Every structure is written in structure tokens, then in C-alpha cells.
Amino acid sequence: MKTFHTQERIRFMDTDAAGRIHFMFAFRFLEIGEEEAMRALGFPSTGIGTVQALDLPRVHAECDYLAPLFYDDVIDIATRCERVGEHSITWGFEITRDQTVCIRGRVVVAVVDRQTGKAAPVPQQWRTLLEEE
Amino acid sequence: MKTFHTQERIRFMDTDAAGRIHFMFAFRFLEIGEEEAMRALGFPSTGIGTVQALDLPRVHAECDYLAPLFYDDVIDIATRCERVGEHSITWGFEITRDQTVCIRGRVVVAVVDRQTGKAAPVPQQWRTLLEEE
Amino acid sequence: MKTFHTQERIRFMDTDAAGRIHFMFAFRFLEIGEEEAMRALGFPSTGIGTVQALDLPRVHAECDYLAPLFYDDVIDIATRCERVGEHSITWGFEITRDQTVCIRGRVVVAVVDRQTGKAAPVPQQWRTLLEEE
Amino acid sequence: MKTFHTQERIRFMDTDAAGRIHFMFAFRFLEIGEEEAMRALGFPSTGIGTVQALDLPRVHAECDYLAPLFYDDVIDIATRCERVGEHSITWGFEITRDQTVCIRGRVVVAVVDRQTGKAAPVPQQWRTLLEEE
């Protein structure tokens, strides 16, 4: 599947008193990567958590921190759909500064019917969009 | 009107690379102060932004920073309803560490009819709760 | 003085359960506007809170919320240095979506000698940069 | 090893436009759980990221989201040191509302010599504190 790239900058509020990015705010950049990948793929933009009649809650999120990021660093967020399951979508992320991979992340999004609150199959149209080269 | 007190602690994610609380996160403590004051007053707890059929968007928020706060500081948030207007409520805040006032804040909340999206009068019951000694 | 423009997008984490941008996160965009204005002016980029031997703590921050912002809105942050005082710098902000001004903000930054912790005069070089047309 | 319990409340800023806690802010509660566990264990309180001459950067953080959390929910954060490695400490977390486990989390903290920036052994005194029943 295709890899999408988004550029962002570390802001002062993303740092903490240890002088680096606070680990929590790495997840902001995962969210941005996923949003921009979905936009590039042509998903209807009605909210990362809610598309059409489906809710898209995150069921798993993780980051590995390989190298620190600092205030004002310009980063590249590489985002790639890793897997389209029966009822979930898995995204993988690599955040790099210059040529250094600083953070690797993964997010698993469930597809849920908003009416019933139960797991729903990934729509075939999405699968086609997500799995295409 | 009455002053309400809430204790909180500065967390590491509230700090920035200058080693102090980041100015943005002061507003988190204003929100907590307002929530706890409303709870203590007996407001129905259906969300700070939405009570009954009314929306409560903030139309103004400000802080004066008088002294720095650091990681792990225990703070007292003193919250007091300063004014009940025709269509708005004004809250005042003082955040102190030990006996030192570190931040003074103010938030103005509008009362809006959720159906029409227009300004609505502050319900008489709220006025009574907010203005009582 | 000159007005600088920066474009940003409202992210899902900036919203709250009322379906709009949470009032606190507006201050993120003020910070970004100030950072980008200082970068455009040629300030040395060693951190918004710390430039050379000076600390730049915020002593006041405020927002007026004129119209709601929603997830995925693209905003323009117009940033303008409003005043260069003896020991402080005042920035003004207007956040617009399309042609609608949604938020007006103001931030006052103190200039502090890092060694002594006392107010320091705004360096003449900064004054020249900030006040030029 | 011992399990520590901390109570917190979901604040409005922790929610998003899907009406639930935003997945990123779960990590705030992991940080609070770890801080309070270390305080209860008697660690010197000089900052979660920096204790004595050692830095404690997070090298891994993850959450599984089992059930949604909503505004104003009171949660219990159960924190337990899962493993003391040669150069790292692993914490496990369970966030429950009433009797329902809503989030399971894990954080791996590296121990780093601040002077050299290299991995340092977990001090024996810490190991004793962390591993005791």
C-alpha cells in the first residue's frame, strides 16, 4: 500500500521540562498523519472519528521513541495503511527528522455502526481505496 | 458570591522546555475550577459546554501570569462567579501555590439556545444558585 | 507594523464534546502565529521561551471567541506586533476561516534576564525588527 | 510488585467531537499513575523525566481502548511496575470506571546518564523500591 508524507513542526507547547517533545504529543502527529492520508485517499471529510454512519474509535495506539525531537524541529510523518481487517484498519507511522527515524507508531481503528454500537465490516469502497497501490 | 477551592497538581505534560508550566495549560485549571464550582453549586452535570437545552460556549478567556509554576507544584484554584449578566456568566480565578498568587484568570460564558443558536437568558434558577451568598 | 499570515488546520484533538474547537486550544494557534512571525522577522530560533540570554515568559494571554471553529477547518492566523514596550512585547492575532473572524487574541511577552530573573530592556535590534514596516 | 491507585476525573478538554475521551489524552492518565506510584514509593520528586543525574525518557508507550470514557467520568488508575530491566523500567496501567476496565496501558522508561546520554543501569536503590512487595 501507498505511503503518504506530511510535514509538521514541533511547537513549544509540545515540549516538556526535559527539553524535548513530551511523549504524549507524538500521538498528535499520528493523528495528523492519518487524517492527511485519508484526505489524500479521497475519504469524505466528516471527522476522523465519524465517517458517514460509522464511528471510527481507536482501539490501540502505540509509539516507540528512538531519538528525541526538539522545539522547532521540522518532521516528516510517513503514514501507511498496514492492514485492512474485517472490522478494523491498522495504520503505521514513521516520524523522521532529516534522515533519522525518531518515532515509530501504530494505530488500530475499529469500524463501528453508530446506531447499534457494534462492530461493522469495513465498507468495500474503503477497502479498495486503502489497499490500492 | 461564594468562592470555591479546588486542589490540583502540575503534571509533567503541563510544562515546556523553559522548565515551567506552559501558558496554555493554565486554562485547563480554569476549566477545572469552573467545573468544580458548578458541581458544588448543584448544577446538573451533563457537560460544561452543554447543560439541559442550552449551550455554554466560552466567549472570552484570559490569564495574567504573575509567578511561574513548576512541575509537581500543588496549586489551589479559587473560583468565584463575578457576574451574572443577561445572557452570560463571568467567572474569576486565582491560582496560588503556598500563599503566592501565580495566575489570575477570567472566563466569560455565553448562554445559547441549542435549537436556534441564539443568545438565551440565564435561567432564573441558575441566577439564584450563582448569586447566593 | 507588518502583519504575518500562517495557515493551519483544526485537528480532531483540538475539538471537544460540544463538537467545536475547545477554547484552550485556540492558544496553540496564537503560539504558532507568534513563532512564525518571529521566524519571518529573522529572530534566532532557539525557542519561543528563550532567545539568547533572555527568557520570554508570557505575562498575559487572552482570546475573544466570535464564531465557532470545527474539525478540519482551515484557518488563517494573522499576527501583528502591536506594541514594543520598555520590557515587553505585545502581539495581536486574528484567526479567520474564509472571510469570517472567529477568534481575536492578544499575548504580552515579558523580556527577562535569565541570570538575574529580572525585567530586561527589549534589545534595540529586536525593536528595530519588530517596529519596521 | 505492588499496585497503586489514583483517582482522576475526565475533563471537558480531554474529550473530542465524537463525544468521548480523545485517545491521546489517555496517556495523560498513564503519566499521572506513574508519577503517583513513584511518589508513593518514595522516589525523590525532581521531575518524572529527570531524577538525580539520570534522565528517564519514555521509549515505548501504548494503550488498548476497551470501552469509551466520557466527560465527568471518575476513573481509577491502577499502576504497577511490571518489570525492572537492566536499563529500563516497565509500568502497566488499568483505567477503570466503576468495575469496567476501559483502558489498558504500558510505558517503558529508559534510564540514561545525563552527562553521557548513554544507557545507565537502574540504581540498586530503585530496584529495591520497585521490586518490593
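Should a chain be cited, it is by its letter among A, B, C and D, assigned in written order, with residues numbered from 1 in that chain.
Simple rule for what comes next: a residue touches a chain if its C-beta (ideal position, glycine included) is under 8 Å from a C-beta of that chain, and two chains touch if they have at least 3 such contacts.
What you are looking at is a predicted structure, and each value in this text was computed from that prediction instead of being measured.
> Which chain's centre, taken as the mean of its Cα atoms, is farthest from the centre of chain A?
B
> Do the two copies chain A and chain B share over half of their interface residue numbers, or under half; same or different?
Interface between chain A and chain B is built from largely the same residues.
> What whole-number Å value describes the gap between the mean CA coordinates of chain B and chain D?
Each chain reduced to its C-alpha mean, chain B and chain D end up 28 Å apart.
> If you average the CA atoms of chain A and of chain B, how far apart do the two points sit, in angstrom?
Those two chain centres are 33 Å apart.
> Compute the distance, rounded to whole Å, between the mean C-alpha positions of chain A and chain D.
Comparing mean C-alpha positions, chain D is 23 Å from chain A.
> Residues touching two or more other chains, restricted to chain B: which are they?
Correct list: 12-13, 16-18, 20, 24-25, 28, 31, 47, 49, 71.
> Please output the residues of chain B touching chain D within their complex, sorted ascending.
Answer in residue numbers: 11-13, 28, 31-32, 35, 45, 47-49, 71-72.
> Which bits of chain B are touching chain C when the two form their complex?
16-18, 20, 23-25, 27-28, 31, 47, 49-50, 55, 57-66, 68
> Give the list of chain B residues in touch with chain A in this complex.
12-13, 15-20, 22, 24-25, 70-71
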